[in-house]
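You will see two complexes here that share chain A, one where it goes with chain B and one where it goes with chain C.
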Partner chain A sequence: MHDHSIARVNRRSFLEGLAGTGLGMLGFNGMVQAEATKQLVRQQKHVVVFWLAGGVSQLETWDPKPGTETGGPFRSIATSVPGVEISELLPHTAQQMHHLAVVRSLNTNENAHDRGSILMQTGQPKDPGFVYPHMGAAFSSLLRSEENKLPGYITMNGGGQASEAAFLGSLHAPVQIDGDRGPSNLQPPEGMTAAKDLRRRQLRDRVSHRFAAARRQTDTEIYDASYEKAAALVDRRDIFDLDQVPGSERERYGDSQFGKHCLMVRRLLEHGVPFARIRHKHYDSHSENFNFHIEQLGEFDRPFATFISDLDERGLLDHTLIVCMAEFGRTPKINPRCGRDHWGTAWSVALGGCGIQRGAVVGSTIANGTEVKDREISSGHLFHTYYRAVGLDPSEEFYHNGRPFHRTDPKAAPIEELLV
Partner chain B sequence: MEPILKADLRWLHAKAARNPAVGERASGDACVRCFSRSRWFDRFLALRALLLPIFWTTGALLQASFLVADEPLHERIDRLVSARTPNYENLAAPLASDEEFLRRVTLDLGGTLPTSDQTRTFLADDHPDKRSVCVDRLLASSDYARQMMHHLDVTLMLRLPQLSIPVPDWEKFLRNAVVENRGWDQVTRDILSCDGSDPDNRGPARFYLARKGDVDQITRDIGRIFLGTDLECAQCHDHPEIDEYRQQDYHGLAAFLVRSFVFTDEKKNAIFAEKAEGEVSFESVFAVRDNMSDGPQSIEPRLFDEFTMTEPDLPEEEAYQVKPADKVRPIPTFSRRAQLPQAIANGSNHRFARTAANRFWALMFGRGLIHPVDGDHSGNPPSHPELLNLLAEQFAAHQFDIKWFLRQLALSKTYQRSSVSLAAGEQAGETSDEMFARAILKPLSPTQLARSLFQATDTIAAERTVLGDGFTEEALEKKLIALERLFVRRFGGLPGEGPQDFEATVAQALFLSNNAEIQRLTLPKEGNLAHRLLKLPSDDPNGLVDELSLSVLTRRPTAEEQTDFSEYLVGVPADERPSAIGELIWALIASNEFRFNH
Partner chain C sequence: MTCRIARRLWGSAVAGLLLVTAVSAALEPPPPRLPEKVEPERTGAVDVGLAVDFARREAAKAAEAARLLAAEAQEANRKAAPADKAVADAKTVETAARQALDEVMAALKAATATKEAGDKQLADTLRILDEAIKAAQKASADLAALIEQKGVAEKKVQTSAKQTAQAEATAKPLLAAQAAAKSAVAEAEKRSVAAQERLSVLQGSELRADPREIRLVRTFKHHRPLISCRIDSAGEFVYAGVQDKDLQRWDLVSGSRTPLTGHQSWVRRFEIHDNNDLLVTGAYEGRLIWWNPQETAPKPQRIVEAHQGFVRGVSISPDAEFVATGGNDNVVRIWSVADATLVRELPGHESHVYNVKFDPAGKYLVSGDLMGVVKQWEYGTWNHVRDLDAGLLHKYDEGFRAHCGGTRGMDFSPEGDFLVVAGIGEVTNAFAMIGVPTALVFDMATGERLSVLKPAENFKGSLWSVSVHPSGRFLVCTGGSGSGRLWFWRFDEEKSFFDFKLPGVGYDVDFHPDGLRLAVALFDKTLRLYDLGPKPDVPPEEPAENK
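Presenting the complex of A and B:
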């Protein structure tokens, strides 16, 4: 399925100081192989998405409006970037702002969970005629190293369907990890040596291939892929064993499941996994918006900030694009139940890490937050920016069943102020 | 044989085929066999000679009438499927082999696999009617009752957690309905008419009460399950993409339920009670957004444009039989909700009949004639419109007799096609699923997977041995159900969701690969398959591979497999042999071939 004529420079030659690096560029099937012969000097790149499910309020996070009729009860606080203030509900994150950037002028015009989610994770509105892969699958296919058997797309705490990979296939479908201890049943059964495990899996594969060869394929491929990924995880089960992490480090991430997921993702990045999505729920605060956000962001703030600073300390932040977003924001107007409703008209997204201009603030909303004031941004702009940030070409076309498609919305362009 | 006797036999055979309870006794063969050469037989011969012409004419007329008016449904299915696709006969896969057929039908109708002995017997049987006999045997079995109960449970309850009504009560209601072969319309009416107020009949109320009496959730699910329409989007506005799903359709259905609410009596039992007042009120959020709304509307109870209801105009003092009061469950004089079961579940409700036929078709074939099964609208026409109309009409005409319907589907050639693609010559995309030119792969449901695993590894026999003198069917069932639950948790998907595309998660692969309980099933234990295989002489690898393949894959091994499987054990030291046999069994049960019904 993959075109092996793509030139690959392997890790060894990098270590030997040659101008080439680890990882193959595996494009979309049938893509015009524009970069096939380019040799890029770069390390493994990663993308981590923090998905604040349900729609976190921009007014309680990145774009506070204290003292206005829409601002609510919270104040804004200074951050490590002079002149930039965010909500007081994110004190630890405020100290990491010099690693982050904020877009305050997002207008996606989409207020439905499902459609908003697709728009923010594929960069394209829901198209009845064509299913675009989610960014996890896309980046898995573009950034994943052939040598690394670990899954290319991992999602923590729910929300990963095989259909997100669309035509990219089951290799790039998300692997879901729930719970505090990572996947269960990682430990091989008693008496099962690695050699015996391999032998039985190989027999399993032979039987399965003989069966699938004579029949319609897709579902059988999905099933096979699950065993491949399972085997890779069993092989590297030490990654999920947080007891191997010094107590002081674990303490900084805290005891919440979200904190543990952040730490697991850091370890996954250290082992070359290109894309992880960490889902934190639930932010759909149609009522009691302020209580909700105190609680939710109270859990979110410190592990998120720890994650950023940890990556920085380990030299990973320069190679990891961080995106913190949701399906949409929340209404400036506070409803009778003290809640905020869905709002895609003027909201915010935070980015950081690889290729991103640290401390940048792009765009603004008017005093009460109901409109974008300047520099209106769409999901398409964001996607152009993501691709450029990790060193990929966002305008590249690819072909599927003979039809050309664009990886990102051709009507949009990268947000230059956000890029280094 | 003389023509008369042939006609007799065929008529009697056909009659026996329609009435399995009568069975062999009605078969002409048996009659002839039973007769011994006696005075009575001589008189019979004489009488027969006299009545010859009469039998001849009657038989011929009956045969002729069958072919015209009473061509069996399964033959009409085949004709219509073939006629719908150009070049169908060349594109279609051949009929499934006996091995393929036996495995498929045992899974579909019995929810499990046959034993290796049952497989051997079926393969060796050369009776021309053996497939239909097999279908009848399965339909009469307790395996069918369990499998159909599980299937209906998931269809109706979407794995919602227990609430208000104990799940065993609900399952008992369903199981009784299946065992009695109650018509699907009657089952539907039983469910929709139950409020839980009768202490001896609370089971069916799970449908309403596990949904917390939530009018919107119930409206949506009634639309999806019984009427083939997912009206969710139409709650807030006319459906943006489907013209026929209007906001008034959603609220017309909701209007039957809007007066209902959950009442808790002094024994803490929840009852789905009803008031005498309350109306639906709706406004399109699009119209509101665009400042084009005329304000909130209401609508009386109706089912699309097909069924409307007249409510009696009662004076206020007569509105209640039992007036609402503190701790008193109200009973209205006229109940809107009581009109719903008959309005929905009857043969002349075309949507109901079509949805019923489509859903049971999808169960057997892996894909509805309307796909998805809750997407019935003119923008999503059936792949075989004439066939679907016929099925709906026939299912209704037979009082929604589920066993009768499934039997007809199982006897069709279309059902019995192989899943194997045409060899090398087939171009990609030449056939697609909706042509029904070959069997569609169906992933095993969680309970099918569990039961198949128990059967393939002969865990059932092992558990019998373990229970020893304490063995009862009940004790055995209890153990198996506990293991079954493991599978439902792992493979059952999210509660409240309808059927989704096939998902194979890493968590499931890890479960099947490393879970200690699963591994134990594959290792030798008195009575199970691994134990049997271990006891076979190691110089007869063919015997071992044969038994392995028949038990787990329901077929004989190919020559390639004989080599592949027996080589797995070559050179394995004696103390490692049990483990190696376990690995061999595991490789098969973890394979694609096992995971799917094909």
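Presenting the complex of A and C:
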């Protein structure tokens, strides 16, 4: 079924955008100018990625195989969706499954951390000839409001690199937040009043414009973009001050850094940030997979479930696409160290929120989980689905240095049964 | 109309020709006429002159008439000229038509001949076709008959195959049983001989277990990796937890296997009381189960939902009054053996409790956790006596932000004087389990660590279990990483005195009550029984005086 609300940015509107910006090199930037995309921005769609770095095990999360040789020691538990079971390591998430959907038949055929990471965050295999923007930068360029000066792409707990923005430029590069108190140096220096700060900024702007006049625009915009984003964060530093959040609310997210990051991201969404990635690390369990998954998922489960229910209660979930994924899954076969190794052949991701059919389960794996049984899905399928879910046309082409590129893998298609 | 005119002209032209011919004949001068001989006696007399005159007049008249006719004929000829031309043209056309007709006739003749030949060929073909159809019909009929016969034959084959399969199915277990029985008899005879030999050797030797004499004497195979094992005090059965729900029990003599069903996850820890009348198992689903090991097919006697998460430690007090357990909820619990009720909760651990163990003298209980904290509790009062520092067996990996290690194996010396705690030390990569297999020996009188035991060889991996020899003279640990080992230490030496390579990673080890054999639970889906006693095939040492 075709979604008529899709903002189709055709070549003409793309070129109009191109003309409007006056830039020689344009890609997704041009699309942002299109009226249809502006409408989307006004609707303020968001995307939040939970990135379980290292490769969370699908058997300990979304595709449990209890009782089988590969199943491990954990049981599966019922969820809020009748007939759908997930691992007992996610009891709180199980109660939010009616807001989520699971793809159990992902085959990315990629077992290396870096290539898997690029594949899952760009929808394209690593290409030595061209760098695709990561989805954070891409959605920032498509969903960020011109009026909102906050960064379009925020990544919590490391992993953010300026190169993720690729040709989209530094405006859409990730702003990385580590620790549990937000970005450092948010507080102005002692004696710096708001009025003084304003004068300081105005002075900086004048100097900056003089500086920019003598240089290529692409060189100077990096500085401007960085400064603009930093200034916006300083202006809205209250977002990161969790002491302003009622204690009962903080309690629900827990005291872990991950829980605080979830709460911060909720507040960032409420302030119009279109894309956030929350990294929860250390799932690369080549030994003692079960012990490490108890630890890691024990920390992940409750804040994640709270985040989902919180967004739903606040009416944000309908506008926010949730993706919970990693660079690959883990081997069904248990190794002699009680570990699981890398496995991109048959694994799972979870989605939810905006545009997603809640409670859906797509595809399956065979009894021992080593192969996809039906409805094989690639990262390309997922990217088509992400774009459709937020109301964008996934098949759009864009041009970079005169060469056409597809926004998503043209051989793939949206997972229709996963879309509302 | 044109044809009618042409016919009329044609008729006129013919009449004209006849007339001209007649007129021409009339206008020619008569030939001289000779007087005919008159025969007076037979005719009347006539006037010759008159007659000639008449004749002249008539001739003139005739000539005139001829002249008129000639003129008419000339006129007719003039008029008939186009008709003549038309006639000539028509004749030409007719000639051409006739010629064409002739050609057509010739072609017709040829075509007729061809048709006749074709007809003949067609007739021949039809005749052949007819014959072929008849042959095909006959062949079809034959084929149908054969297919029917084939169906019948196949049915017979199926029926007979089914009967064969049934017969084979009936025979298979019998044959298998026969073969198994034969094999078992052979095996039993072999084992009997070996046992007799072993008995004779043991009877004639100074009994001493020597790890250097280690040799495999029995392998019990399963379809899942093994994670725990214990031999009962009667030396009759070996029990093993596997990466599955059932506990497995093998008869050490017959090799017969009995599954003990009741848990929902892996049984990593269990203990059999020395009286051999109580088996308590703890599994990763959080349950404890009481069993009577003396039953032929033991069934759960009591089931207790004991811990939130894994049960990792189970120990029965020597007086068989209490069961101590520990698990992932960081709590140690004491249960009444008699009725499986909770006697006491022992809080204090701040991480998963990996192990619990009563000392053989029945004075203490110790519990160890992931962080390497070993707590000593007084039996009966359950008061906390002190903590033993096994922190060398724990590492918080800053890179991976993960805790690694734990008190993976614990055992007391026979008198309870020393406690050995086994695990992994010097971890450099938690997720790849890169560290040094390490065991710590504690003096239970002081709580001090006496020694740090490491393999003599350079090996990276973990210890998963420890068992102290009943003599108290040495201990064995098993573990590994990619490959497995048994490491043997003496209490007074920090480096292992003997390292033995296993065919897989060992997860648990237990000495047979005879002190000469040990069982190892391996990841390679086998439970292996090794003998450390004197070798039957080695001739007894010659008396010293004969040397």
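The working rule: the second predicted complex is superposed on the first by the 359 of 420 C-alpha atoms of A that agree within 3 Å, B and C clash if a C-alpha of one lies under 4 Å from a C-alpha of the other, contacts with A are read in each partner's own complex, and residues count from 1 in each chain.
Keep in mind that, in the parts below, a residue touches a chain if its C-beta (ideal position, glycine included) is under 8 Å from a C-beta of that chain, and two chains touch if they have at least 3 such contacts.
Everything numeric in this text was worked out from a predicted model, so none of it was measured.
Of the two partner chains placed by the overlay, only chain B lies in contact with A:S163; chain C stays clear of it.
Of the two partner chains, chain B is the only one touched by A:Y227; chain C is not.
Of the two partner chains placed by superposition, only chain B is touched by A:R204; chain C is not. Looking at the superposition, the partner that touches the larger set of chain A residues, chain B or chain C, turns out to be B. Contact with chain C, but none with chain B, is seen for A:S285 once the two complexes are overlaid on the shared chain.
In the superposition on chain A, A:S309 makes contact with neither chain B nor chain C. When the two complexes are overlaid on their common chain A, residue A:S364 makes contact with neither chain B nor chain C. Residue contacts after overlaying the shared chain place A:Q176 against chain B, while chain C stays out of touching range. On chain A, the patch touched by chain B and the patch touched by chain C do not overlap at any residue.
Against chain B, the residues of chain A that register as touching in their complex are 128, 151, 161-163, 170, 175-176, 178, 183-192, 196, 199-201, 203-204, 206-208, 210-212, 214-216, 219-220, 222-227, 229-231, 233-234. Of all residues in chain A, those touching chain C in their complex are 54, 67, 69, 72-75, 281-282, 284-288, 291-292, 294-296, 334, 336-337, 339.
On the side of chain B, the complex with chain A involves touching residues 241, 419-421, 433, 438, 440-441, 443, 500-511, 513-516, 519, 560-561, 564, 568, 579-580, 583-584, 586-588, 590-593, 595-596, 598. Touching chain A in their complex are the following residues of chain C: 223-225, 243-245, 264-266, 284-285, 309-310, 328, 352, 400-404, 430-433, 461-462, 480-482, 484, 504-505, 523.
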